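Per-chain numbering from 1; labels A, B, C and D assigned in written order.
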Amino acid sequence: MKLLLTGFDPFAGEKVNPSWEAVRELEKEGIDGVEIQAICLPTVFGQAIEIAVQAIEEKKPDLVICVGQAGGRSEISLERVAININDAQIKDNKGQQPVDEPVIPGGPVGYWSTLPIKAMVRAIRETGIPAGVSNTAGTFVCNNIMFGILHHIAQKKLGTRAGFIHIPFLPEQAVNHPGRPSMTLDAVVRGLKTAIMAAVNCEEDEKNPEGKTH
Amino acid sequence: MKLLLTGFDPFAGEKVNPSWEAVRELEKEGIDGVEIQAICLPTVFGQAIEIAVQAIEEKKPDLVICVGQAGGRSEISLERVAININDAQIKDNKGQQPVDEPVIPGGPVGYWSTLPIKAMVRAIRETGIPAGVSNTAGTFVCNNIMFGILHHIAQKKLGTRAGFIHIPFLPEQAVNHPGRPSMTLDAVVRGLKTAIMAAVNCEEDEKNPEGKTH
Amino acid sequence: MKLLLTGFDPFAGEKVNPSWEAVRELEKEGIDGVEIQAICLPTVFGQAIEIAVQAIEEKKPDLVICVGQAGGRSEISLERVAININDAQIKDNKGQQPVDEPVIPGGPVGYWSTLPIKAMVRAIRETGIPAGVSNTAGTFVCNNIMFGILHHIAQKKLGTRAGFIHIPFLPEQAVNHPGRPSMTLDAVVRGLKTAIMAAVNCEEDEKNPEGKTH
Amino acid sequence: MKLLLTGFDPFAGEKVNPSWEAVRELEKEGIDGVEIQAICLPTVFGQAIEIAVQAIEEKKPDLVICVGQAGGRSEISLERVAININDAQIKDNKGQQPVDEPVIPGGPVGYWSTLPIKAMVRAIRETGIPAGVSNTAGTFVCNNIMFGILHHIAQKKLGTRAGFIHIPFLPEQAVNHPGRPSMTLDAVVRGLKTAIMAAVNCEEDEKNPEGKTH
């Protein structure tokens, strides 16, 4: 079982991006029976997709899990869907700020995560770490990479399963954002590890109610 | 210019649904140059779509705006996209609680609102009422009706523009939800009126950055 | 029954302070059997107290209700206690930024509101407007004026009852603070009117549980 | 240097109270130059005070730090003040629910923490853990114990410095409170250790602006 794991470099003035810290720690620790490759993507529209797609082409992973920072969220959140739009309130790391442009011109409105997100959420919670399903990955680079990868996999008819996981600020980041929740790197790494193992072991997702009224 | 305006009946133990209160008030007040028909939909998966579709068939409106309650949100929020999933944490008003079932089997992942949501948000704000773009309408009956109507319009190749607007609790509801924001019926009605006029007058949407990082 | 009602001028970059808008509207509308005098205090440590104390000396009101803006709160909140500390994160309107200085050197740690806050909260809620008891008025000018007035009344052994009410942003302010709750001026005025009538009619407060665990 | 460290037993349906978990871990780990005694207080009005006072009488600590759970807060929060009121929205662990009764009849309105809270907050943050000053410890058993201990120390004219620290839910608790922030036990223990060392080493507090506008 080959796993491509991606994190991002810091953006929006942060000195660290917990997603890269977590995935490189996971690569170092390793998971039995899983060959992990961790890469750090630039927080740049389009370019992140190119690098990830190239890694998929080269390594032919069975599973792709992209991880990104969601400053302000309190739990590990499994994204359900990516949408075909870039709408940035801030500049990306290359100075781009696309507004209402498609990720892939002519592409569909959205792609579902092909990870067993309900099973992953349940597994993370069972280890005592807060997790949930999210119905929006935003319209910045996180959604961009999720859409781009799922589109590539769909176009090429690869069997690869893929999806996106948002994680909270680290405590050392939250120090500068009073009132914002945080999660220690250790807890994030344990949560992601559990989620990965659930994804590896679960072919068909569970149908647990995890919806939102709005 | 014919406008079909829908609200919902109360759900989740509430005694009132601000969406129906607002749209029937709007129908009563009227808007110059706009023929408004307001209907109250049941908060019921599928059935709400049937009733709305029937009204579209009969009245052939130019514009369909569905309104629903988003208890906990603080602003009038214009939904950008509907997704093809029903995932209910609570029962609807007929006792149904679908989990991870498509709104329309075989349908696409999502539909974009065909309302000029950015222009509408700007117009509402200019009247001094908080408004924003939302990237998720949830996975309950609000998303269900938005997806169902947009699918019908797409299938029948109608020119009708359509979308969904979420509104906060009324103050009298928030009394029973300590700490939750609210908006008076009067402010909601003024905000919706402004939004409708913007939709009537704006063919092509504005490209204002209103995205979210997550 | 003579009532001194105070609001504040705008601070922290706002163009309006809802507290002054509300109290001057209340003075204009009037309340049967209550002689209202509304004054606008500067958002300035110490100076606000001086002006209010002078008005108390001159007018000899039976009741003093000071009102202030609490941007971010969603309800009308009745302050339970004022504490003898100034600790400012931002400058006041005269450029002062005291840190950990007493309001009144040698004064007690705190003063209780002498308004029937529980009865007032219940009355406001009964009119369908969100209200609550707050256990902190902060450490800026709002707490400063509340402490200063209660200290003056205690020192002079006046029979005057006095206290402080915090109110949310107006909708037109919340437009510039995305995600923050707001309350229309009309709702605030109705809520304050109800609260004042409750204070006028209620000598001894009700014992309704309105505490917080933290 | 002798330190009395108190935590509470679980309340409000929780299976664990992070405050007791943290203080007993701290006692086990130890701090160089500090003789720590950790005790678990019942979440019971009055009774908690009696037990803590008895421990103070017996052990004659130089420092008393009481710790309690603040479910919903995201940071370690140093309480500035305790107020002379019990106002419970829920029953304590003995079934008591006092409303608007004084902690100490005839006592003052409030007592300041005699810990160097600003120095402690700064020190915790410097280790990368979110911390802040809080101006209300609520009106439940946490405020009750803080007031009770400070009153005892004041009455007996002991030189003991004392105060209260609120901590977030543990991650395993937040699993059952979706959307609520949490902090791992390890981070809480490191934060408290840092805070204790700051309290031991700092006689006079720093004057850093940590106030709130409301």
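Structure notes:
One rule holds for everything that comes next: a contact is a pair of C-beta atoms (placed from the backbone, for glycine too) under 8 Å apart; a residue touches a chain by one contact, two chains touch by 3 or more.
Nothing here was measured: the structure is a model prediction, and the numbers come from that model.
Shared contact partners of chain C and chain D do not exist in this assembly. Comparing mean CA positions across the assembly, the chain most remote from chain B is D.
Comparing the contact residues of chain B and chain C by number shows a mostly shared set, over half of all numbers used being common to the two copies.
Centroids built from CA atoms put chain B at 29 Å from chain A.
Measuring from the averaged C-alpha position of chain A to that of chain D gives a distance of 38 Å. Chain geometry summary: the mean Cα position of chain B and that of chain D are 46 Å apart. In chain D, no position touches at least two other chains. Within the complex, the chain A residues that touch chain D are 74-75, 125, 128-132, 170-172, 174-175, 178-184, 186-187. Note for the complex: chain C touches chain D at residues 12, 68-73, 80-81, 83, 85-90, 97, 99-100, 108-112, 118, 133-140, 142, 166, 205, 207-214.
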